[in-house]
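By written order: A, B, C, D, E and F. Residues from 1 in each chain.
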């Protein structure tokens, strides 16, 4: 296994124990090299940079995804990661709500719907 | 002075001592009520919520603006705020670079150009 | 009840008698303060401004949502409001089609799909 | 002259007497067929549809451009058109401010800056 | 039948034998004139321009749709067209992956999901 | 020099002999690691993939940048690359105009303005 891949894989395992396998399974038929880019580049190169904590990085990811729009699947993945590393449900919803003045109501409400699905899955809300 | 306005004004003063006056001056001819919405809603309602620190909120703002695009003037305002409240130049650039996998190279590079202007203004880089 | 909330609530009732209760129900578990921001800020502060009629404001909302993209749930809410206050189905579809040169075909076609769902629900088309 | 071109040209002349010549001049070296698409399609096909008034169409255009972002040159053209056909400065700024809850502060503030330039050019504000 | 409509209709038939009828059926109740704009403008005016091959145009369309976001239905239509005119599955996925540095991971992954649906429908992957 | 960096650097040199040095110079103070990501990831990993020609990749880049918006500096870089590798001015403008139905007039016109600047710089148009 390539060094960058290993660094990224370990980082992703820290965020979500199963997400690496899910990525490989989900992309193996259509675009297996996307797995490498996610693991090596997004996880290995970016998510392991110094200067911000892992929790801060997850919050920034959720803010970026909220603002981008059309990102419900990605928000759900990263809300699971956020909860896994000890961010509280309150910190996750605060992060989304904080984007409201910049991203507007539709983006914020759509992101909250995706967050809600994960919170139900985790039985944080019923 | 209205209570929400006062709460927002104080929060903005904490972020940047002069920004409130600049807003009033900049918007007085074209849309003075926008000042109220920025101070009362963005600053008073959102930026004073609990659950995230002020530093975390500034980082989330910069991530949201980086992702949104066409936001150079707003990024410059918030990078000044970020530095004013003690975020390091390193934390600011890390925040922008962290958005790269989600927002792509053009948005990230444009945001870094806006950050660079403020860093030069503050003589952080020459 | 707070004055701004009351003003916004009345405005929303004018647009859709049931939408306020739906908002409270839909957001009560995940982010109840979003209800306040929608009622007080979007409805109370913005939708009650002078200078444009309520019908014109609904059309502008639909144009903004069409252009933004990833807004099917919000378009459906506002098309219901538009019809409730007497805008004709023709005015609603014209509004979406007018955005075509600026927002492009995908945004316009997606918005028309959302409009169509409401028109079927209201038995305007079968 | 082709029929669709003539219809679009007349419509554009109604909005701004000089804009057609400016378009031809501005695009003649790089992409002259874009003039045809603007005149025939945007002006001839879309802007002459029935069901909404010309004033309503200008307001919808400004709302769409505000929301889209990176549209300062286009907003300036259409604010001139809006004023030419009798929309008041107040209606123009109201239209932009109405987009705030959907498009967010950065898009709205950038649009207001473009509006302000035209208002100064027309000596509506000093 | 109008000349521009015929030119566009023939071009669309070349891309997908059934898509014209599907468009008419899908839009007949909500916005029949959109059919004309798609056939006459997008197909007749743009897709028949000289200077790029039809295959190149389909790849550019898929890159544009990938970057725009909230375009799953449109990507599916154009991936079918791409395969119909002889682009290989490999060329289609390469085209989407090429947008990754500019459009970011969420847009690219969402586009690949839409591509995958068509590849399954065509039994290119199981 | 790292292998991925070398591969990316060679690819970039093929596209534009001077662009690598310009990148290093432009980013050295604010975010030197962005140079690595551009060279290693965008150029080394993505731009050297098989299945599409280098000319096709440049056209796809320009289509993606046109659609994204707020990308004038990036469009100018890639139009220079496109011309350097033998794409004709006609192919470049066709590529931008092809995005019109998906990205809309403002994005297309803004991209053409950026293209025009490079064409003047290269004395393709006066």
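One rule holds for everything that comes next: a residue touches a chain if its C-beta (ideal position, glycine included) is under 8 Å from a C-beta of that chain, and two chains touch if they have at least 3 such contacts.
It should be emphasised that the depicted structure is a prediction, and the values quoted were computed from it without experimental measurement.
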Third chains touching both subunit D and subunit C: A, B, E, F
Gap in Å, rounded to a whole number, between the CA centres of subunit B and subunit A: 24
Centroid distance [mean C-alpha coordinates] between subunit C and subunit B, Å: 29
Where subunit B and subunit F are represented by their mean Cα positions, the distance between them in whole Å: 30
Subunit E residues counted as touching two or more neighbouring chains: 33, 37, 41-42, 49, 65, 68-71, 74, 97, 100-107
Contact graph of the chains (line, ring, star, complete, other): complete
In the complex with subunit D, residue positions of subunit A that touch it: 100-107
Subunit F to subunit D touching residues, read off their complex: 69-70, 93, 96-97, 100, 104-110, 112-113, 115-116, 119, 125-126
Of all residues in subunit D, those that touch subunit F in their complex: 27, 29-31, 33-34, 37-38, 42, 65, 68-71, 73-74
Touching residues (chain side subunit D, partner subunit E) in the complex: 33, 37, 41, 45, 49
Residues on subunit F engaged by subunit E in the complex (per definition of touch): 41-42, 46, 49-52, 56-57, 59-61, 63-68, 71, 74, 88, 90-91, 94-95, 97-103
